[in-house]
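Next come two complexes, and both contain chain A; in the first it sits with chain B, in the second with chain C.
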Partner chain A sequence: MSGKHAGCLRLWFSQPLLGPRDVSPLLMWSVAVAAMAVVPFFAGPWLLSTVRDALVMGILALSYDLLWGRAGVLTLGHTTFLGLGAYGFAIATVQFGQASLTGLAVGVLCAGAVAAAIGYFLLFAGARLHFFAIISLAVLIVAQQLAVSWQSITGGDTGILGIPGLSFGVGSHTFDMRGPRASWYSVAVVLLAATALIGLVCRSRYGKVLDAIATNEWRAKACGYHTSFHLLLVFVASAALAAIAGALMAACSGVVAPDVFSPLLATEVILWVAIGGRGRIGGPVIAAVVLTLLRQAVSSYSTDGWPLILGGLFLACVLFMPNGLRLHDLLEAARRAGRAVWIRPLVHRAGHAREER
Partner chain B sequence: MDGQFLQGTNLSRAFGGISAVAGVDITIARRDLLCVIGPNGAGKSTLVGLLSGAIVPGSGELYLDGERMTGRPMHAFCRRGVVRKFQGTNTFLTMTVRDNLMVAGLGVAAYRTTPMPDPDAVLEEVGLAGQAGELASHLPHGERQWLEIGMAMMCQPALLLLDEPAAGLSAKDAQRLVRLIHRLRERCAVLAIEHDLGFVQSLECETWVMHRGEVVRRGSYAEIADDEEIRRIYLGRGAIHAAH
Partner chain C sequence: MIGILNISSYTCVLAMIALGLAVVFGMMDIVNLAHAEWVTIGAYALAVAQAVGGKEAFWLALLVAPAVGAVLGWCLERFIIRLLYDRPLDTLLATYAVSLILQKALELVFGTQPMLVYAPFSGAVPVPGGSYPAYRIFVIGVALTVTAGCWLLFARTRFGTQLRAVIQHPAMAEATGIDTRRLNRIAFCGGAALASLAGVLVAPMVSVESHLGVSYLAKAFFVIVLGGIGSIAGSILGSAVIGTAETLLSYRVDPSLASAVVLVLSIVVIRFRPQGLIPGFSAAHQLLGKG
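Up next, the complex of A and B:
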């Protein structure tokens, strides 16, 4: 039976041959690798840490893209898992004095376990769409309350301060990831690796299966798929990745406070994926990074402005770009606009009409 | 009971006090071909729902290959070989035709001893080879029917349940479907629900008539067609009076 399952896994995850469709993702990924490697040599420490924090949000966006974009599970409380990862890391390292890798594992396991428990009871009971979304929001609020009121462990409203950065030993050598450059690289490596992994999974047949479940779950059931199980799997994987983002966030900033469980950030995550394009992996990451940097720029002028802009963006996105912002569409629109400006339309059309006759 | 694949006894299901299926006994052997006809609301689709696990029976028992399947989920039925084509059409609209077939075949691949059929060969068989790269949502209704039949074939059925497969097909295509069903029958049992009596006639198989949730007649199409009672059910009492 195990040999059979191995064969099945190979069938599901085997990669199709490289084709013309792989060129642009591969190119984009290579450019991203090069950019991430080179940026620290040019950017100052402040810029570097700002962009690094935005990249962490990119990981969060990636995890949500897997869940909502691929598998079609809408949640309003995705930051639950970001917060669990961050608190798990902080509590393990500060309160219990564990090594940072243990802290990371604790955060990821916490988030994974909570996701598995919630997901099992909701998904297997058939809760979908808005039902699932509302309950996930409730879970987020419960987590937030817990973080505020369980003072002895979570530090209450103040949160936990003085969280150590990432450092781990391989053999006798200790890798210290605390400096601005080192932490940049650790975040970049996680982001690029997660992007590549999710890209490969989505490229395989399993990505098609998730697409199918997202489009027409009932039909997928009739094809023999235990759809609830697959959705649970994706939910747990997504929660684990969000928790990694949370742990990185805690390690990079050194503090964690109850506002990581914020419904506003959970809404932003949805917006990143909606603008970047559902299920398009790279788009949501870029949208997350750009919008996070934009938020920081806006909030230096006014603290109230951001939710307003966010709401406006959301409306605009739903009304005008239901499929997200596409580079291809933008280029097309720009070309059309360019043509309209550069060529005198009336004369041109008249000329054409004469030729056609 | 050797050779019986599906066995259902006293299958019943009511929706809000209305008995959609009331006490149907059914056995299907490995290579049976069976056609169920009946007026609208007779409970035909509910019967297919019960047999495919999509609808849990209110009472009665269902066995597949001797294993009790009453109340099991739909995917468990599919894994054991009960594959269904839905009424109307039901495909993965946002995906290409070939991907539809691939996904359909992949779900049960681990539960079959034979390898997954080649999607391109199935496309050839249902006549969609030219549309392999099209999105399912771009296909007209008739071709979506063929796509769904292809998807069912990808699942390597032991029992194929076809809910109105000829709806929306031209007369020529319906005959092509009849030939395909006869070919499929060499591999599996087929149960078809149809309104198109010409189609049922050309299938030349055992025919059941359902009325108000019960199977009222079982026999060959010729016997059914000659039955006064069946005419009354189909045409209504008034038509009989007019004939007298």
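Up next, the complex of A and C:
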């Protein structure tokens, strides 16, 4: 029986042979690994912690990219799971004095359970697209209200302070991940591992199935796939990854406030994936890191400005860039513009010639 | 008796907000996440009118706010939604961005502190088992009148028949010579006007801030999903269910816990009745959406 299941799993996740298409993702990934390893030796502690927080947002963007980009499930409340992970971690470590790994597990389990419950009731009922998006927004709003009003557990408006950093023991040796450099490396390892894992899953047969469901669910169903089940699986996996991001965020910054449930952050997540390109893996992560750093730069000038900029960017992205921003397209556009500037006299002459004819 | 009045005043306001949303959703397959902002715009219009013209300007605002809402709704439809007719899911994101921008713009213009609004008259009306604020009874009356008017418009006029035809089958309606684009625009403006009117009505009962509408938005969507898409009776029944559940629960438990319970209840109901309590005119329009 177990052999059959293992064979089944091997079939799902079997990888195609390496081909020329894999060169650029592999190259990008290796560059990212090298950059993550090298950066702490050059950056100061403040810059390091700022970029580290942005990298945590990159993990969040990755989880949303899996859900929206790959499986085509739009939600407006993805930060519910970020918040659940953060609060789960904080409550387990601060209120109950558990080890940080237990806290992480509690956060991930909470988020996974909530996602499984919501997903079971909605996805199996056939709720898709708008409906799922709206109800997830409502879940987010209710989660925020609960976080504010349930003071004995969540600490109300102030949230939970003094969350311990990550540390875990293997055998007799204890790894302490509290210092700026150590926490950088732990975040970087999680991000790179998650990127690689999702990249592999999307490359395998399972990725093809998800693509099929996202493109046309009816046809995928007609091909014999239990689409609701696969969507639920992706939803729970994405929620768990978001919860890991939340727990890392809580461990790195040491505080959790009801802000994590704010619809604003949920909007930013969508924007990251929309700009970075749905279904691509590197793009959303880079967009998340860049836009988070941009937000910090903007909010050091004015706190009101960011939501306006965010809304404007969002609108522009939806109206003019439905497929996201691609480096390739940018280069192409620049090349075309450059050529137009150079060859303009020629074009004019050609136009005249056509008119004369 | 007071309980019943509380329930009905909440239900009536909810129904007015949900009506416009339901019709637009049913017709154009557009989820207008900026709909709640029109409630806020209505409330701010009232605040501005009263700041200029004193307390009695309420009656003026009752007429002006829907007009302002309709004009702004027309702008939204003309400049943003029309560009996205063939990408329904993107309109959801676009309207979300619009609601974000509107909220912040209102904050920038009017400041973050609550605006001052007054009820046009005070006093209480004796009812069996105590007395009840006269203004709330007025709200119930206005909301009932407006809802009944919408119902008549939908069920009894030529325009209403055309609207229902567009909801049922847009392509077929177009083939019989109905200008669907024009009807869409009118319905969108009408929904915006209704939401603004609801904003004026609720303003004296709540604190008028830039995120006033957000709490109504999620409820209004539950109303639609519970009641059935594109059906007026469904959205009225849905608001009755949600309004009753929430008001009764908030007597016993914390309000935020009450909304959590309502949320869970509606999710469970959706599982077992995906097409809503009263399925709308559109038989094909199930939870999958048309996009």
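Basically, the second predicted complex is superposed on the first by the 336 of 357 C-alpha atoms of A that agree within 3 Å, B and C clash if a C-alpha of one lies under 4 Å from a C-alpha of the other, contacts with A are read in each partner's own complex, and residues count from 1 in each chain.
In this text, a contact is a pair of C-beta atoms (placed from the backbone, for glycine too) under 8 Å apart; a residue touches a chain by one contact, two chains touch by 3 or more.
Computed from a prediction, not measured in an experiment: that's the story for all the values here.
Look at A:125: by the touch rule set out above, it reaches chain C but stays clear of chain B. When the shared chain is aligned, chain B comes close enough to touch A:221, but chain C does not.
Of the two partner chains placed around the shared chain by superposition, neither chain B nor chain C is touched by A:198.
In the superposition on chain A, A:275 contacts neither chain B nor chain C.
Contacts of A:267 after superposition: chain C is touched, whereas chain B is not reached. In the superposition on chain A, contact of A:149 is made with chain C only, not with chain B.
In the superposed pair of complexes, A:56 makes contact with neither chain B nor chain C. A simple residue count on chain A separates chain B from chain C, and the partner touching more is C. In the superposed model, A:212 makes contact with chain B only, not with chain C.
Of the two partner chains placed by superposition, only chain C is touched by A:310; chain B is not.
Considering their complex, residues 4-5, 7-8, 11-12, 205, 208-209, 211-212, 215-216, 218-227 of chain A touch chain B. Note for the complex: chain C touches chain A at residues 25, 31, 33, 80, 83-84, 87-90, 92-94, 96-98, 100-101, 103-105, 107-108, 214-215, 218, 221-222, 225, 254-257, 259-260, 263, 267-268, 270-272, 274, 286-289, 291. Taken in their complex, chain B has these residues touching chain A: 52, 54, 73-75, 78-79, 83-84, 86, 90-95, 99-100, 102-104, 106-111, 116, 151, 155. On the chain A side of its complex with chain C, the touching residues are 74, 76, 118, 120-122, 124-131, 133-135, 137-139, 141-142, 145-146, 148-150, 217, 263-264, 267, 270, 274, 304, 307-308, 310-312, 314-315, 318-319, 322.
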